[in-house]
Each structure stands twice: as structure tokens, then as C-alpha cells.
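Here come two complexes built around chain A, the first alongside chain B, the second alongside chain C.
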Partner chain A sequence: MPATLTAAPRRRLPSGLRVLEVTLTGWTSLVIVFLYLPILVLVAYSFNSSRLNIVWESFTVGWYRRVWENVPLLRAAENSVIIAAVSTVLSVLLGTVGAWLLHRYRFRGARGLQTLVAVPMVMPEILMGISLLILFATAGLGLGFTAVIIGHVTFSFPFVLVAVQARLKGLDPAMEEAALDLGATPLQAFWLVIVPCLRPAIVAGALMAFTLSWDELIVTFFTTNAASATLPIRVFGMAKVGLNPMLNALSALFIVATVAFVIFSDYVKKLGR
Partner chain B sequence: MSTMVDLRGVTKRFGAFTAVNDVSLEIASGEFLTLLGPSGCGKTTLLRLMAGFDAPTVGSVWIGGEDVTQLPPYRRPVNQVFQSYALFPHLTVGENVGFGLRMQQVGQAEAAARVAEALALVSLTGLDTRRPHQLSGGQRQRVALARALVCRPKVLLLDEPLSALDAKLRRAMQLELKRLQRQLGITFVFVTHDQEEALTMSDRIAIVNAGRIEQLGTAHEIYHRPATRFAADFVGQANLLEAQLLLQDAETVQVAVTGGLELSLPLAAWPVGATTALIAVRPEKVHVAKRRARSNFYASAANRFEARIEEEIFQGATDHLVIVTATGTRLGVVVANESAFGEIFHEGDRVYCALHADDLVVVRAD
Partner chain C sequence: MSAAPAVSDRSTPRWRAWLLLAPMVAWLTLFVVVPTAILIVYSFCERDEVGRVLFTFTLENYHRVLDPVYLWIFARSIGYAGLTTVICIAVGYPVAYCIGRAREEWRQRLLLLVMVPFWTSFLIRTYAWITILKQEGLLNGLLHQLSPTASPLDLLYTPTAVVIGLVYAYLPFMILPIYGSVEKLDGSLIEAAHDLGAGPLRVFSAVIIPLTLPGIAAGTLLVFVPAVGMFAITDLMGGARVPLIGNVIQNQFMQARDWPFGAALGAVFMALFAVTYWVMLKFGAGEEETPA
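Right, the complex of A and B next:
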């Protein structure tokens, strides 16, 4: 850990390159507008009393009330939170312990295992979904919460594992030895010294896992049942029937939640330092 | 004095590589022993065998009269100061120092008192709430030392703990470590590749090379009576001369060394029955003067010869010369710059040289 973190001096473009500066500023603004204009429009129209998205009638919070009164939608949101939370916890456990075992112990097939672990990160979700469906069907396990959570963990724990592995590569191997030398058993050394050293990576991996689970649609689609339908599944179902301003309201709430989440995760990361 | 650490016929192999090759070593209780050698010689592996991080392939490790070969590091009565210090970044200085006591489940009040005592011992009182990254290199080093000492180990293992410090701080810490060791009476096993560090601190030095201990002795013995070519070369500087036996009488032998210079040395020093041998001569043992000195030293020296200065490098306190004899033997010479004779040496000067028979040391060539 560097003792001092000095910000690199801000470099300005040479004064002769005003044209370039203007062009770059313009380009950046354009990108920002393209990214956020649709979102702004969406939020704005969530307060529109018209059923049609293109015509502005008058201000209303009615759509928000409709969301609040839509029990299946709220149940779906609750399911999403439960599934994301549980699969995050499991991913963190599996990913952290797995990374430590792969890092610390030499065994036959370690390299192969490493590759196998990385595959779900790049595998098309549709394949994951179908294969999980086949697996649960042949194993005679019903679809529902457990199936969805298992599905989410399979593709999100590798992200934790990779983040933790990267951190482990930079970790002083003497750290564990120092703990053992001071009387800690290997388990104590892992919990009391290694895990705290890995905290920033674990937090980053956990946030990643939560986000992945939270907005996952395809794998969920293949493994869920009516009782465990998540928010993305519900929204997708509603959108198929036709765009409804209630979706605008729901999306606006989603955006608020996301921004809050980003701010919260920044705060957590700062604590981890 | 009783034996604290006892390595018995220890060999450690990593695959095809033999890091430690049949080493037996007894370290006395309360001794400051240094394992000195170049990187990759096996000295760190020896330390790791004592700490329990590695298990010997052959042989056994005894500490305090107990066979600890099969004991994991957390059951051994030793503690280590790591080269990287390995302080726990998420803990404060106080928590770092108290970690070992926490593992031993020492009561809070006693632990607090012992942590304070350990911090006082290394002059870090009042810094216990700091984090490691808020400390200077020297302070971190002291925390690592306090963290190991607070556990009251029977043996303290130190793996090049001073190598990350600047020269001035390093010298101060050498003296402080030595003082601490005297004060606490704990056995210290110190690993270093720095011969000056070894000479400064150790009761005994073990010269380690290619997985073996080449020589074990006090700083004086190692310096004045190196046993092998490696020991002579690694500790201090040495002129290494191939000697050919010319004459032998009841008390002395006459030899011709590389370049043709003839020297005599005591018969007792010469290996029995040998016709050739390797002789090491410390550069400061060659006495040179521009005038034929009338000093007792010159008169009493068994070996007197003339030479020419080929090279002269002035280094302040000392003057480093390369001299060549008439027949062509080259010798490195170090002269203390005391100017007792008011002499200043220049390249090309003729000098009178004297060399005591006792200062010619026959070393093993392997």
C-alpha cells in the first residue's frame, strides 16, 4: 500500500489546439446526451397522465401508485432482492475460498479447474439457461428459488473468484506465514489475516455478483417458476403485452435504486481501504 | 551453555534442486548466530526449516531439547522477523504486536501490559493506534521486531530484516539488535548476505554456500582464519594465491606462489604431504613502505620483498594498492591512511613489503 497517494497533475492541452479541445468537448457532450437523454425522457414521462408515451398531458404520480398497488410486481421485487442477496453471499463464499485454494495449494488439474471456473463468465446465457433447465429436469429437482439461486451463483461466483485471485497475486506470501508464526492455525490465519487483506476484492466481487443477479433475465427465465419470478421476468412479461406508463414509473424507481446502490458501493469501497 | 537449536543431518530438496545439503548445526542458548551467504545459498531455507514453514527431506530439527521436525509453525517456540516485515495492514500497531498473544489467548490486561512493554523495548511507545502504512520503514521494522519478541520466543529468527533500510539506519539497527539480544538473552538466528552486518553483530557466523555450511566460527576466526576459498573471498577481501611447495624443513616450508614470489610459512600450517595449496592473504596484512623500514615489524617478518605500485585508488580512510613483484606476483594491498611515515603512495613507486608467516592462511580450494 503506498504511503502517499498524490494525484497526478492534471494535463491541459496545449493552447494552440483550441479546435481539438472544442471537438473533444462536443464529442463527450454528445455521448453523455445519447446515454442519458432516453433515461431523462423516461423519467419525465413517468409523470405523464397520458397512456401514450409521446403525448404530454398533465403531471401525475398515478403510475407510481399503480406500481405500489401491483402486488405481483412487488412480490417480484422482493424475490429479486432475496435471490440477489442469497446468491451474492454464496458467490462470495465460493469465490473467496476457491480463489484461496487455487492460489495457495498446488494440486493436479489446478490449471484445468481454473479454466473451467472462467468459462461461465463468457458462456452465452441462453446456453447456461438451457443446460441448467436440462440439469434440473434430469435430476428431478423442481424449478423455483433454489434453482434460480444455483443458476445465478454458477455465473456470478467466477467474478468474485477472479477479483480475489488478482488481489492474492499481489499479496505478500509472508503474510500467511507471519500469522502461522505468531501461533495462528491455518484456518485462523485465513480468517484473521488473509480475508481482511482481501476485503477490497471481496467487496468489489460481491457488488458485481449482486448486480449480475439483480438484472439477470435469461438464466432466470429457464429456472424460475411462478412463485419465484423476479422483477426482470415480470417487467419483460409486461413489456411483451405493450408499453405501459407504469413501466416508466417502475424504471424511474429502478434508476433511483441503482444510483443509490452506486453511491453506497463507493462508500463501502472507501471503508474497505 | 546448553544447546537451543540443533539441526541434525538436515537435507531439503525442492524437486531436483537441493537447497540444503546434509547440514548439522548446533546453536547455543543465548547465542547470536548469523547465517551468511550469497542469495540462493540455502540460508533462508535453513531458517524456514527452523520456523517450520518447510519440512526437511532428511534429518531432524530440535529446539530447546525437543524434536520439532513434525510440528507446524504455530506450535514451535520460535518467532520470525520477516524481510518484508509482513505487518498486517488492517490492524493497528498495537493489534499487530498483540496478535501472537491473542492467538495464545493471553488475558486482556496481561496482553495490554506486554504489548506496551514490547513497544517500549523498541522505542515505539505511543504509536500503538497507528496503522502500518502510516509508519516509516524503520518504524515498521521495529513493529515487526516487537510483534515477534512479545511472544517471548526461545529463538528469534531474523530473515534479512535490515535489507530494506538505508545505510545509516541499518548501522544503528545493527547495534540496537545486538543490544536487545544481550539484554533479553534470547537466541537470535540472523540471515544476511551482508558480511559487514554479520561481523558487527554475531557471536558466531556460519558461512553458507551451495546448501552447505562451509565454516562456522567467531567473526575473528572467520576473518583471520578462513577455511575455504569461498569463505576467504566472501568475507572481506583476499588475495588468493596458488602455492607450490619448494622446500620443507623442521619448522617452515618454502613455497612459490602464482607469479613466482617465494614465501615461507610455518610447517604446521601446511597440509600434510601436499605439494600444492591455496593461500589466502588479507590485503591489509601486506605491509608496504617507501623506505626500507627499520620498524620491528619489518625486521620480524618472515617474508620481505620489493614491489612496484601498479595501481592506486585513494578511498579516504584507506588507500587501495595493487603491487607487482619483480617476478610478476600481483597483490592487492590496503594501507590505513595514517601517514605515520608521512608517505603518500603513487602509481609507479617502488615499495618495500613485509608479510608475516602467520598471515598466510592455507584454505581449501573447493
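Right, the complex of A and C next:
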């Protein structure tokens, strides 16, 4: 390379690129506004006393009271929490042990198993929904909590597995060797040495599994019955009927919960490091 | 404990390890492989008048899929999903590029800003648009205040509304993988292209696009496939006026109770999904990790 080129100062932008950079920044700001504006409008109008969105009448928290007094919605929220919690625990168990065994041992079919694990992550939800519906019908099992949880674990645990696997790749194999040399059984080595090292990845995977389950509509739609209806199922039913300020209030609560959860998980992940 | 196994070179599992592996293998077999197999079996079955499935072999269901009505719905679904994907790339690429090239301390914050709506349920984001587009919604309210005589616009339950809903729901899924590609982009390659006399357009088309293609492919996979099969957004924003393939499948299972035909439609969609997946892997979609 000629010496004149290497001597050129770094990040000296031609004026055309300067314009491009400003345009890019402007566009990005616009898109972020586009992403947030509808949500902000939704939250603002949850405090509007008018039933219609057209006019702003006066400030009220009445719609929030209506949500609080709505028994089916509270039941649905309870169902959502139960289903998300159970699916998260099962996903963490399946995903962590699975990741460890796939990482630790070499066996025939390991590659195939790895591919199979990825299938529920990319498979369109509607296909998973209808095939599980057919399975439960063919087996003569009813729909409800068990069916919904099975569906949720099926698409959640691969995310835990992938997160844990990524962490395992960076782990020093000498740690396990040392534990075994010092007389630990393989199970003890796994539980006392490996699992503590994996904690950040397990936590990240668990948070992901919980969020996925909490938000899921499509697979739940095909596997639920009336008693196990989750919050997204109820919201879908209400939104189909039309505008309802109570739904604005519920959505606002949902959004606050989400933001709190994101902040919380960020905090937990930082603790784990 | 006698002679500890050499850990560094991975050993073959012993019976205890197999026992631990069994739950995952069983889970994947029972709830992924077997249901998919049954779905395909069902697609070759008949049903009686009350909707019970009869296990007699027939190609009738696939014959019906080829009916112009359903072919048209398939084509329309692919068209809508394709349009959604293109809009997401056009809108999202500059954003991903901007964030990916931003200063280190800004990157994480901007990314979080894009991520928060993505963590918010797509149902709520769709409902937000309903309150804006509905006949007695916000946009018509604004229009009414600007010109009280104008008749309200019919915005909801139109193809435009469906595409707006799909773009709004899936845009972050396009931005994140492209961001992943842009972040890895080596800035010195761009500088080198400039130094060698390439104009901005040339740099973009000959250097930046090819290097970020894996991100675009991964984003396409995450947007196009779910958009083809989505029925909830189309239900909410298109009413019954613009049914897509997801709505038809849903209807066969929940209302019409023609499961074999629904299974056949599902099997065709699965084939479409497999082809898309394969093509996108060729473009390097697998090199990008799915956003988590």
C-alpha cells in the first residue's frame, strides 16, 4: 500500500457522507417515533373518560378500576403466570441438562438431535399449534393447562439450551477434570462445578422462556380450553369485538409490566456477571 | 472413583448420561416429530359428515388445495408477507446500519430502545393501531377536527391496514439480525473502498450489502415465514375481508372442523416454510444468531 494512503487521517468523511450520516440519524429517529407513538397514544387514552377515542373528555382512572374488577381477566392473568412459571422451570431443566449432554458427550445422532432442537425455534407457530391439537385429539387427551404448558415448553426450552450451550463453549474443561480428580462423581461435578458457572446463561434463558410463554398467543389458541385461557387469549377475544377503553388500560398495565421486566432482567443479568 | 474419564476429548455417554438425555429426546419426539407425522397422515384422510376423521387414504384434500380459491389465498398470503418483508428491509436497514455504526456507548441504548416494543406483546401493538385506524378512531378524529365536513375514512379492515399491522409487529425482527451483521462489518473495508475511488453508492452495493446479506437473510426468515402464517393480526386488522392462509387453516380447525383439509393446507405451508428456510440458509441466514 502506498505511504500516502496509510498516512490519511482516520474517519475523515467526505461531505457527501456527512449528509448521508445526518439523513440516517434522522430516519432512525423517525422509525423509533413510529415504534413508540401508537403505544404512547394507547396509554394516554387509557385515562380518557370517553368511550370513544375520537375526543378527549376528561382524566379518569375508571378503566383501570374496571380491569381490576373484571374477574375473567384476573383469572386469565393468574393462568398466564402459572403457565409461564411452570413452563420456565421445565424449560430450564430440559434445556440445561440437554445443553450439557450435547456439549459433553459425542454420540451417534448428536448432530441430528441438535438440528431437531432448532426446529421448534423456527417452525411457524400455527403449524406447531395445529399439530399439537391433532396430537392431543388423536391421543384422546383433553386440552387445557397440561396441553398449553407442553406447547410452551416445546418452543421455550430450545432457547434455554442455545443460551447455555453458548456459555459452555467458553468454559474451561480443566474445571470438570479437576473436580473429577478430586474425587467428585460426574453428577457432583455437574451440579457443584458446572451449574454455578452456567448461572448467567441459565438466568438469561429462563427470562427468555418466561417472556415467550407470557406473550404467546398462537400455540395457546389451539391448545387451551376456557378454564386455562391466558391473558393474550382474552385480549385477542376483546380486541376482535372492537374498541374498548378497558383494553387500553389493560394494555398500559401490560406495557408497564414489560418495561419493568426488561429493566429487572437487565439487572439480574448484570448480577450474574 | 476409578480412572476418571478424559474430559477434554469428549467421551461417549454412559448409561447415566443416556438416562439424562432421554427426557429431551422423548420430548422432541413426542411433541415435535410425532405431531408433524400425524399432521401429514391426517392430510391424506377423509372425514365424515360430523367432522370425525376416517383413516382411509385419499388425495382429495390436496386436490382441493389446488382449487383456484385456495391457490389465490396462498398467493395473496405470500404477496402480503413478501411486501411486509420488503418494507421491513427498506425501513429497518438504515436503522440497523445507523445503530450498528453508532458510537459504542450509544449502541446498547439505541438497541434497547428498539427492543422494548419487541418485548411488548404484538397483540397490544396491533390493538394500538386499531384504536388509531378504526372508523371512530384517532386518525379520523384528527381529520374531523381539521375539516368537519369530510366523511370519515375507511382505514381499518383494508389490505393497507393488514400490511401496517404486519410491518409494525415484525420490524424489530428485521432490525436485530441486520444490526448483528452491521456491527461485525469491518470499517476498514469501507474506507479501503473509498480510498480506491468508489463512490458511496458503489461502496454500498459492492461492499456493504454483500457483507450484511446474512443479516438480511436471517431477518427475512424471521419476518416472511411468520407473516405468511399469521392469522391474529389479519383477523384483527383485516376482519374477514382479506383472509390469508393462516386464517383459512385456523378456520378449518376451529369452525369448519375439516381437520384433514386443514392438515393438507398446513402441510403445503410446511413445504413452503422448508423451501424458504433452505434458500435463506444459502444466503447465510444461519451465520446470524436469532435475537434473544
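By definition in this document, the second predicted complex is superposed on the first by the 249 of 273 C-alpha atoms of A that agree within 3 Å, B and C clash if a C-alpha of one lies under 4 Å from a C-alpha of the other, contacts with A are read in each partner's own complex, and residues count from 1 in each chain.
Everything below uses one rule, namely that a contact is a pair of C-beta atoms (placed from the backbone, for glycine too) under 8 Å apart; a residue touches a chain by one contact, two chains touch by 3 or more.
Small disclaimer: the values here were computed from a predicted structure and weren't measured.
Chemist: Based on the superposed arrangement, let me know which partner A:V86 touches: chain B (first), chain C (second), both, or neither?
Modeler: Neither: A:V86 stays clear of chain B and chain C.
Chemist: Determine, for the superposed model, which of the two partners chain B and chain C contacts more residues of chain A.
Modeler: When the residues of chain A touched by each partner are counted, C comes out ahead.
Chemist: After lining up the shared chain so the two structures overlap, which partner does A:C197 touch, if you call chain B first and chain C second: first, second, both or neither?
Modeler: first
Chemist: Touching A:E177 in the superposition: chain B (first), chain C (second), both, neither?
Modeler: both
Chemist: Taking the superposition as given, does A:F159 touch the first partner, chain B, the second, chain C, both, or neither?
Modeler: The answer is second: A:F159 touches chain C but not chain B.
Chemist: Does the superposition put A:V119 against chain B (first), chain C (second), both, or neither?
Modeler: After superposing on A, A:V119 lies in contact with chain C but is clear of chain B.
Chemist: Looking at A:T185, would you say it contacts chain B, chain C, both, or neither? Reply first, second, both or neither.
Modeler: both
Chemist: Residues of chain A that sit at the chain B interface in one complex and at the chain C interface in the other, please.
Modeler: 174, 177, 180-181, 183, 185
Chemist: For the complex, which residues does chain A have touching chain B?
Modeler: Where chain A meets chain B, its residues are 1-3, 172, 174-175, 177-185, 188, 192-193, 196-197, 199.
Chemist: Would you mind writing out the residues of chain C in touch with chain A in their complex?
Modeler: Chain C residues touching chain A: 1, 4-5, 7-8, 10-13, 16-17, 20-21, 23-25, 27-28, 31-36, 38-39, 42, 91-92, 94-95, 97-99, 110, 112-117, 119-132, 134, 136-138, 140-141, 144, 168, 171-172, 191, 194-195, 200, 221, 225-226, 228-232, 235-236, 246, 249-250, 253, 259, 262-263, 266, 269-270, 273, 277, 290, 292.
Chemist: Over in the complex, which chain B residues touch chain A? Could you list them?
Modeler: Going through chain B, the ones touching chain A are 51-53, 72-74, 78-80, 82-84, 86-91, 99-100, 103-104, 133-134, 147-148, 151.
Chemist: Provide the residue numbers of chain A that touch chain C in the complex, in ascending order.
Modeler: By the definition above, chain A touches chain C via 5, 8, 10, 14, 16-17, 20, 24-25, 27-28, 31-32, 35-36, 38-39, 41-42, 45, 52-55, 94, 97-98, 101, 104-107, 113, 116-117, 119-128, 130-135, 137-138, 150-151, 153-154, 157, 159, 162-163, 173-174, 176-177, 180-181, 183, 185-187, 204, 208, 211, 215, 217-218, 221-222, 232, 235-236, 239-240, 242-243, 247-248, 251, 254-255, 258-259, 261-262.
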